[in-house]
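Here the chain labels run A, B, C, D, E and F in written order, and each chain numbers its own residues starting at 1.
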Amino acid sequence: MDNLLEIWLASGAYNLKAGQLVMIIVGLFLLYLAIKKKFEPLLLLPIGFGGILANIPQAGLALSAVENAIYMGGPQFLTELSSLLGVASGAVTELTEAYRGAEPSLKSAATLLAQDAGYNHGMLYTFYSVTVASGAAPLIIFMGVGAMTDFGPLLANPRTLWLGAAAQFGIFATVLGAIGMTMLGIVDFSIQDAAAIGIIGGADGPTAIYVATVLAPHLLGAIAVSAYAYMALVPMVQPPIMRLLTTQRERQIKMSQLRPVSKTEKILFPVLLMMLVGMLLPDAAPLLGMFCFGNLMRECGVVDRLSDTAQNALINIVTIFLGLSIGSQLVASKFLDIQTLGIMVLGIVAFAIGTASGVIMAKIMNVLMGGNAINPLIGSAGVSAVPMAARVSNKLGLEANSQNFLLMHAMGPNVAGVIGSAIAAGVMIKFVG
Amino acid sequence: MDNLLEIWLASGAYNLKAGQLVMIIVGLFLLYLAIKKKFEPLLLLPIGFGGILANIPQAGLALSAVENAIYMGGPQFLTELSSLLGVASGAVTELTEAYRGAEPSLKSAATLLAQDAGYNHGMLYTFYSVTVASGAAPLIIFMGVGAMTDFGPLLANPRTLWLGAAAQFGIFATVLGAIGMTMLGIVDFSIQDAAAIGIIGGADGPTAIYVATVLAPHLLGAIAVSAYAYMALVPMVQPPIMRLLTTQRERQIKMSQLRPVSKTEKILFPVLLMMLVGMLLPDAAPLLGMFCFGNLMRECGVVDRLSDTAQNALINIVTIFLGLSIGSQLVASKFLDIQTLGIMVLGIVAFAIGTASGVIMAKIMNVLMGGNAINPLIGSAGVSAVPMAARVSNKLGLEANSQNFLLMHAMGPNVAGVIGSAIAAGVMIKFVG
Amino acid sequence: MDNLLEIWLASGAYNLKAGQLVMIIVGLFLLYLAIKKKFEPLLLLPIGFGGILANIPQAGLALSAVENAIYMGGPQFLTELSSLLGVASGAVTELTEAYRGAEPSLKSAATLLAQDAGYNHGMLYTFYSVTVASGAAPLIIFMGVGAMTDFGPLLANPRTLWLGAAAQFGIFATVLGAIGMTMLGIVDFSIQDAAAIGIIGGADGPTAIYVATVLAPHLLGAIAVSAYAYMALVPMVQPPIMRLLTTQRERQIKMSQLRPVSKTEKILFPVLLMMLVGMLLPDAAPLLGMFCFGNLMRECGVVDRLSDTAQNALINIVTIFLGLSIGSQLVASKFLDIQTLGIMVLGIVAFAIGTASGVIMAKIMNVLMGGNAINPLIGSAGVSAVPMAARVSNKLGLEANSQNFLLMHAMGPNVAGVIGSAIAAGVMIKFVG
Amino acid sequence: MDELLAEGLTLMAFGMGFVVVFLTLLIIVTMFMSWLVVRFEPAPVIKPVKAKTAPAQAASSDAQLTAVMTAAIHKYRSRRNGQ
Amino acid sequence: MDELLAEGLTLMAFGMGFVVVFLTLLIIVTMFMSWLVVRFEPAPVIKPVKAKTAPAQAASSDAQLTAVMTAAIHKYRSRRNGQ
Amino acid sequence: MDELLAEGLTLMAFGMGFVVVFLTLLIIVTMFMSWLVVRFEPAPVIKPVKAKTAPAQAASSDAQLTAVMTAAIHKYRSRRNGQ
């Protein structure tokens, strides 16, 4: 009977806390969005499942060896850890906080102490350390994205880069929004938090994850979920804004066919972009370096097997572990907070402002260039969310005129938006990192 | 001439010890089983080759930096290490034992000492640390197995889960067997050892490796070899037992065709299983969590590229390194022992008992349900050994009646056995881990 | 305005040093060779791009946390580090040198100090640690090469192994050349450096990288670039030497058709080779062990999925990161040196001598065996550079007689050269490692 | 020694018991889930079934067609995928 | 608080400014590069385009065949593999 | 300096010597192995050759098709790949 009792006392059901239950429901909801609503399933499915795993009571899958030892360990360990971390009381919450805020050397000592006591990192914590904390996973995914990106339409009409620039206004407006929320006393975001939240408006998953990892790791879960969920909502968020800001006549503008782009141009572009980044904004070099490397592998034509692997096996493997790792951040103490609500609200605002800025920029360019060269509908594609935003532009173009195919034209600002938000990310890391 | 002498004195042939020679022969025998007999070659081939590599004298491929330094290092290093580990004499065997039994913090200090002296981890030791010691490899393989598993037949007839439950009796009977051997003084197994040996009867490679890593890492080599070798022997071990326990009439029982299972059921099943595991037995959450995640990727239909990678590139990569790493444990000091013989004997007994339990359970169910609903031949498939055990059921069914196709019916208990042994693994880790 | 100034003061353009500019140009030149000239693009493209990334000022992508902290850190950190490393002055160059030469335990302490101060490893440094410093990447690539190698032609005519032996003379002659350069006072190579440079003559990328990692990591960049660049130059370097050393009559020798080789022989060969290496030269066991394992996976016929993965996804993934990591060694302080020039000169000499030795050996064998059994043109294939050197032999054979197909005959010495240089590598590691 | 035996017997009793209880619960939960699905998704049941059996068998020409389509779709997807 | 706002405004001004300046420079550099390429590689422009579209589009029957074969093999392999 | 030269000469002598000795042993071992295989597998020698192409194929004409396709793709890939 003792054994039965022991198994019950150690069971998930007995130990389940309200916060964990809510987070498991959040995880299930993400699975629902991924599977039934097809919201960016490649990321949201692993994130949702990882979130469920992370909230199984007693399993400690998302916890470090030290945290597991704090929750499970005996009094002797707690005393030793308290003295190591310089914490007066041996209270669990205080120790956990002291550990999380400790310097790397102290963390390293605490980890050895916990391992000596027989505790180990949880599975998801290990995945998180290797993929996210090292910074490697979003960069490797960005390399794969680079290997999937065709800069042809952008090269055929480089001025669309301005649309990709304008749409990044959503990022910086959101930073101000986050600051405003803080000033109103609703939440308490630091400037680093605000910058990391703003980047959701970049509509680019790996960039958002990378920036959050550097500037605000405690918000990573909420930011990643928000970024991917809103990207999936692009077909719903953008059209009303685009219709509001354009006339029927503007939407009917037909754009001249894109000129063919030579292979040489496509090869030189990632190299030039890399040089420019290196010379002007070294802080964006990891992100855009890997992106340009991936694109160069794609276009150079002599390393197809590497390009294939970067686009398939490698990016898939990293995506699986990155998703589970992000899911491991969906714990009640970090996620069930008014801040998450704030991030959700700000994220959608960021998308809306980015969309509007892109459309308005397109209209301004039309005026400045004195003509009808650009259909403003392609401006909204500047937020990135490749290739969904471009498809939205195309759809609205066809609505206005069934012969008006904008897809290729919208792909230019679309990929420009990827560059734009990576640059914005670099600026933020430079100034507040 | 000095050089010639030096090369001879450092050669493998000069330094070959009897134990190493025997282990190399064991490695060659495993290669023979894998290639010629087709015994689970995906694992036994890398294990066998890893075993050969691990036993090359002087190469130290399977040794840690500290062990390499102990065997090769000068007197100064040995003195320093002795004082660090608190060993009076500087004898090699004593130092090695002290190091292996040391706490992680001490091991870490000893490693830095050895690296300062210029010694490094052997290649196979590095592979072992990354794949096995971290616990990651069997979990990733289990994810891939989940992505390859079709729960359709099980969902069509969930009662076959009982067959998967009954067949796990082989696991626990074997634990008792190992304890009996110890009580008779033949070998000396701890309760942890006994539990790890019992799981061989689960007929599920990754589960056996995971449990051995947690409970009895020093037996990993023997347990893994035994588990995979006996899985390959299923077509020889099971049929006589099945014939013995069933009548011709029973073997001729035709089962009603399985109902079609909807996609929604297949999607919900891994999620439900995960929730149940999380609520009742968190210790089984890593294993079954990854398994259910793999299966959800397979069934959800929205992340086919991730599912493909989990089933191919990722599982293959991990298998290669896991196999070599297990092979690195095939060293004379661990493997050439009466214990290994005991494990081999117990392993086959475990399979036999599991098979019998499954068949008998099927007969009991037939009695209880008052009919001929279940052909007892599918009971043996409950040990898992997917899909071989199910094929054996099918073969014996066809022998009894050439129109009696049992394959699909046997797949239900077959995959149930995977779940059953993972649950058994969780119970063992919970109670004796 | 302060911000503008700050961004400019931190920009790459403002901080660009002459050495970095030159190295970026070197990187661009490697990209040119890879893409336009198709010089071993699978390695030279990532190496070139990695070289560019490594030389972006202020980004510190190729630097360790400690080096980044030295360049960016405040006075307090520098004082602490100076006292830790026992350096009197806190000068940047002195600290950097002291850190690089420090023992692993000291390095580890310095790293924690830098991380406490908020600095992290650069992306490329992380890649380098995981792939190159661990020694894993060249071994994994060698496994893939093994899985791509067909020993059939060698088994049909094992005497061609002598050609693969003779061609390794280029390696050892180059060692002497490097020593001669040092004695003339042109450069200052240690015996380890000389050995690592000599292995370029092995014409085998992974072997050269592995040896350089073990014996002379500071020369890795130059050695890897030289090895791959000259391998690409084989079709230009070899023909004049081959024509010079052979008569038209010799070049017209037709070789008898190769006997069919059974599957059993192909399976046994890698196992026998492995055993021989283990018994005679354990230092070559990591390289040839992985190579033989790859080849056994290929030939055994029972693990095709592992063999496929070793030849595709796995080798591609490792190649991407290995290339970038080698590129990270292309920094001015290591590469812009008279030594690099010396390595370049010695490398081409090594290829030339190896080619000549192979051809001469073939002629000697013809004399000794008293006949025309061997066309001397296949001797040059003994340098390896698979399969290019064999194709060169074939081309010259066809030039002499349009019916003289030497490709298959040249594949024997070609793969023998791979074994030969791995053995030479083992000898060097044994004697000077 | 006797302690070891006692531990072993306990492990067997509780282990085997837990496995049976767990899988019994799983049977109940699964049957309930299937019942719900069949009840609330009556029409869709038929469609998925067709879709399901075809890929499972792979023997018919349908399966070959699937293979071809998979390839085409795969190629198309891997090109357009954004991550 | 006001400091936070000031920081935010600065970040917006300089961040947005830098993005625009950078992408403008990129436009200039790109246009100059394209001009150079078109000027010095007048003939090759047409050829590479053809070479490019063929492998990219998978339009040739060779590529389609490869796709079909890949699918078939893939399916065959993934079915027979047990691990 | 002279020491360095001496080291270099020694390395050359012993290194080259070892390479030759090792590969000579390998020739002997390989020839002996081939002789054994041919002697004790006289019939299989012919069969395996056939069998070698066959088992790779798995017997049915479907499988043969797969094998052929695999070979084609393989060849195509391995040709374009250098590593």
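Methods note: a contact is a pair of C-beta atoms (placed from the backbone, for glycine too) under 8 Å apart; a residue touches a chain by one contact, two chains touch by 3 or more.
Quantities reported herein were computed from a predicted structural model and do not represent experimental measurements.
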Inset, instruction - Would you mind checking the shortest number of contact hops between chain D and chain F? - result: 2
Inset, instruction - Mind checking chain B against chain C and telling me if their interface is mostly the same residue numbers on each side, over half, or mostly different? - result: different
Legend entry - Approximate Å spacing (C-alpha centroids) for the pair chain C, chain E: 31
Inset, instruction - Could you give the separation in Å between the centres of chain C and chain F, each centre being the mean of its C-alpha atoms? - result: 22
Legend entry - Centre distance in Å when chain C and chain D are each reduced to the mean of their C-alpha atoms: 48
Legend entry - Multi-chain contact residues (two or more partners), chain E: 10, 14, 18, 70, 72, 77, 81
Inset, instruction - Check each residue of chain A and list the ones that touch at least two other chains. - result: 3, 7, 42, 280-281, 305, 312-313, 319, 427, 431
Inset, instruction - Going by the contact rule at the top, pick out the chain E residues touching chain A in the complex. - result: 1, 4-5, 7-12, 14-16, 18-20, 22-27, 29-31, 33-34, 37-38, 41, 44-46, 48-49, 51-52
Legend entry - Contact set on chain E toward chain C in their complex: 10, 14, 18, 77, 81
Inset, instruction - Within their complex, state which residues of chain A touch chain B. - result: 3, 7, 10-13, 16, 24, 28, 31, 34-35, 38, 41-42, 45-46, 49, 52-53, 56-59, 61, 112-113, 115-116, 120, 123, 126, 312-313, 316-317, 319-320, 324
Inset, instruction - State the interface residues of chain B toward chain A in the complex, per the touch definition above. - result: 103-105, 108, 134-136, 139, 143, 267, 271, 274-275, 278-283, 285-286, 289-290, 292-293, 296-297, 300-303, 305-306, 308-310, 313-314, 427, 430-431
Inset, instruction - Sort out for me which residues of chain B touch chain D in the complex. - result: 150, 152, 155, 158-159, 161-162, 164-166, 168-169, 171-173, 175-176, 178-179, 182-183, 191, 194-195, 260-265, 268-269, 272-273, 276, 280-281, 304-305, 416, 419-420, 423-424, 427-428, 431-432
